[in-house]
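Below are structures written as structure tokens.
Both complexes shown next keep chain A, but they swap its partner, so chain B is in the first and chain C is in the second.
Let's turn to the complex of A and B:
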């Protein structure tokens, strides 16, 4: 971030000063032909070189988004996908989403569950980063161990966790009973939404916090010792140093991590698909699962697309809010 | 300039990431099974190079995969100039992948398909109907499950039916007889509950193939067809009796609370761990349970499903079809391939290895299950006492929407009465039938 903005302002200054010693590409005085050449080099060539990659990205990312947008206004089953004939039905799918109590609940559940996971991931990630930032024996071993969950494929991890949370043969209940919590003998985690979401949340956070921890750790190591030293001399306690010095300095980094976590946690799919498939009785369905169910099991691609567009809009809105916050932060 | 360089790098990195994401979705590519040079079958001069793409469900064991790749290699030996592009598709991803293939017009020539999906994709126009009579003495229920408007779309490959599996040692100790009816099942269960630490029999919220056939046992139907229009029929005295029996088995406390979200795998696991005295399961469940706990082998026995008040004891005939796709260019060659795979010897070797039964009656008789007292029951169950779910394209959506699972789970949770649950099942089924 920092270096990028420095470079930008540097080259801008360079262009204004016309051939000063700090300019990356020396610009020689000359006639219109030289101007054309210079225009080509500075303006057209980069785009030309970028074109293949951009075309690929627009093809792979842009086309599906446009297509999904198009489908969300049509009645599209599998047969009409094949033939290409589909009826335009305007906003019917969006009306259906607003009118359907189950889908309304899905949106609420997605937001509440997603935000809870973001908060838990951030708190755990920062806590682990602070721990790893302290010199102690075995610190590197712990650092590697912390990274492992992140490296594990989500489906494989969720399958293992599903067995850990099994009501009869799961390790989680066994450990809780060994700790004296007799009530967890045969406790069924997945038969009602709240404990089910707790179990799923554990798996989501477990898989997501290492990225936050490692990023924050990198950030912590960039906090100058002098500042902390000064705070300590001024009599700041450890808690005050964290709250008043370290976290404010890391705020831009934390905001970016919150954006990334929000996007991840709002579209969580694998863990729920493996652990509950949205059950029992669709009570643990989140937006990603509902979208998949409508599109791939009900073959109602129109409604599925409308749900996907809704997710797209929500995530875009959240991202814009965060980016505003980051801009304001940098503007200070 | 440096900024632009960075943009370029980011763009390139993104492109790589996007491409990598795409890769993860692809099916496992099998190495060319034609690795060995054909020595005896010298290719005809005028034999053109042709290739046939085939999707088979991933069987999950190297042994079974080898049986399939060997068969495919044998087919290639017999057909000069033909190369088979064989891919294994995981079951979990298969339905999504067929949807994507048909929707995107990139279909294989031949595929194995779960028999409850065949009508769904046939009605969409994705599959090619079988021309003329299909040869062979197939198990009726498996042929029926591939029929749409009188036309057959699936060649039965292998099949399986669930039967009654119980602990012979427990029954002997307590002097119990194998239950033939629901009442006897409850009576036997009461004795086991009183005399042992075992759960008499586990039910599971996510076990349609145990629940739905009980509607047949009670003398009812899941849905009835008239003039090509299906109508749900679970909201009936028979449907209510089936749901009541299932709920009763749960409410007696014979299964843990967690069984509300259990599937057949958990039921099998509990039986394998010697926590339950009886279970409803297939030959593959029994094989897996014995595999996990070899001591069980001498303690278990099998019988036909207990009959319900309707005097019926049919199991759901599950299985796989070979299908051909409408957009394939190799219909004739595809048919030859399917007929090759369905020869008695090929089919019984394969079915034995996966713990299922061949889709043909003669294949069943040639398989090793015939004559093995433990597994013979499953053969009798499927040949004489099995039925298929309504053969309609809507069934895929009903399955995908978990209509039965949602209803029985809500009954088990106490959120719905049986009357409300069967009404909900019918409402959702009729919605899928387009009423």
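Let's turn to the complex of A and C:
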């Protein structure tokens, strides 16, 4: 797969391959210049290419992560955060998290809400991709329409959906009543946790499914026609072609999308902040909201950092499982 | 197209009816919130809060847009465009280089780098916020474009690397090998062969990065305290708070906030759907 050998045997001397008189003339092996170029292309270049991104990652993600880890063992208010003097208190913040029934509930809620959103996003996204992969008139219209929720800023989407879910004048309740569900006349979505989470989940999935759909569609279109034709000739039905040919070929892509969706849906902040601010009575607080609340309204940056570390551990565990699966697929 | 028997016709008709039905449902789900946003913003005040929804306003009023513009919209728009635009250009360039290196070179540290890239995405941004806030404060970069740009690069670049690496892997290495045989350097092969072929991937990635920066709410909320430096998401949140139940004005602001993102999206959408790679390999 790696093209180092091809490079060696095939590369010619000199950078201006076009138009020079020596074009097409084979070059004898050896020569220091050639060695230098090969060294540059295969040893130095990759690191030069990686350098800017690595600097960003280490400087702006690595440092804060380490710093947050450090903070989670300290008593850190606003003043001590700025000055840098803070007391080491060991695992106290973590003990607090385990002992606090509300925070324990926050963890459960985060996982259940996050996974529900991932499943809904993937199912809807793949279904829409399969739909867009079918030939029908006006397909391009639908292709553009499903891009729009993705293009829409989350804060704007949450603001608009809040209006759609309005108890008295909201379009959602009106539609549900038209469908014969009279109970939704004047139904207040945001006064109890479950309906509030449902409404938030709708907004999250609405914003997330286009990315999955477009990515899967690109994957579907990359499945070679010859393979599908062969399967068809062998008598595979459309369902069999999907299940036995297309989905296995797309498995690495689907796994990556599940990873990305999981990471996004466990971190949902904006929609909840705009729609409920974690209320009523902190019942729609997920980890991101709870972390933010502890850090920026209670100014307990230590506890906030500890909550974030806990979330980091959960996401790491989930992601490691996925990565194992991807590695098996790609032989990475 | 293979010949199809006549007996298949009824099934095909049923399938195509189901396809159109599904298309209508999906299309409505996608578009209705946006439609409702725009329509609400254009309605006369009396038709906004009604028991029976008014789907088509009796007359169109742009008064709320004038109001929103008067309340500083263009300032916020400029801030957002500067920040998101810079982040997109720099982020995609960095990510393209790194993604290519990870896709094509047999680096011994590759598996750790990929883990690192993913790990950066797992960390809740809420928490990068605390240390970065301290750093920006000490460097005097609060209330500045640079503070936001640098921060946004930190969380958009890693995932962009991940996405572009996938795209580069999908481009057959034979194409570059051919270029290398013809005397290209690696870097020329990257800039002249791979990047143009990765056009749809780069476009997708640019969209992704731009939308991420355009959307970003939390850092902007924390880093920016001057009203004149606010980006659109924070400005919308503040606007909603001030406007109370004036849904028309809030929807007008939301519409103006959404519009540039949608236009940008549709503009590059063409590039997304062009299958340049399949053309190059099959053709």
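Definition applied: the second predicted complex is superposed on the first by the 273 of 332 C-alpha atoms of A that agree within 3 Å, B and C clash if a C-alpha of one lies under 4 Å from a C-alpha of the other, contacts with A are read in each partner's own complex, and residues count from 1 in each chain.
FYI, a contact is a pair of C-beta atoms (placed from the backbone, for glycine too) under 8 Å apart; a residue touches a chain by one contact, two chains touch by 3 or more.
Everything numeric here is computed off the predicted structure, so don't read it as measured data.
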| item | value |
| --- | --- |
| Partner chain(s) touched by A:291 [first = chain B, second = chain C, both, neither] | second |
| Which of chain B and chain C A:56 touches, first, second, both or neither | both |
| Which superposed partner A:299 touches (first chain B, second chain C, both, neither) | first |
| Touching partner for A:276 - first (chain B), second (chain C), both, neither | first |
| Partner chain(s) touched by A:81 [first = chain B, second = chain C, both, neither] | both |
| First (chain B), second (chain C), both or neither touched by A:167 | first |
| Partner chain in contact with A:147 - chain B first, chain C second, else both or neither | second |
| Partner chain in contact with A:46 - chain B first, chain C second, else both or neither | both |
| Per-residue contact with chain A, leading partner among chain C and chain B | C |
| Chain B/chain C common contact set on chain A | 4, 7, 11, 46, 49-50, 53-54, 56-57, 60-61, 81-82, 166, 168-169, 296, 301 |
| Partner chain A, residues of chain B touching it in the complex | 1-4, 6-8, 11-12, 14-15, 18-19, 22, 95-96, 99, 102-103, 105, 121, 124-126, 205-206, 256-258, 260-261, 266, 269-270, 273, 275, 396-397, 399-402, 405-406, 409-410, 413, 415 |
| Partner chain A, residues of chain C touching it in the complex | 2, 16, 19-20, 22-23, 26-27, 29-34, 36-37, 40, 48-53, 93-95, 97-98, 100-102, 104-107, 110-111, 113-132, 134-135, 137, 150-151, 153-155, 157-159, 161-162, 166, 170, 173, 176-177, 180-188, 190, 200, 204, 208, 211, 214-215, 217-218, 222, 232-233, 236-237, 240, 247, 250-251, 254, 257-258, 261-262, 264-266, 269, 272-273, 275, 277-278 |
| Parts of chain A lying in touch with chain C, wherever the complex brings them together | 1-4, 6-7, 10-12, 14-15, 17, 23, 37, 41-42, 45-50, 52-54, 56-57, 59-61, 63-65, 67-68, 71, 81-82, 127-128, 131, 134, 136, 138-139, 141-157, 159-161, 163-164, 166, 168-169, 171, 174, 206, 210-211, 214, 218, 221-222, 232, 253, 256, 259-260, 263, 267, 269-270, 273-274, 287-288, 291-292, 295-296, 301, 304-305, 308-309, 311-312, 315-316, 319, 323, 332 |
| In the complex, chain A residues that touch chain B | 4, 7-8, 11, 24-25, 46, 49-50, 53-54, 56-57, 60-61, 77-79, 81-82, 166-169, 186-192, 276-277, 279-282, 293, 296-299, 301 |
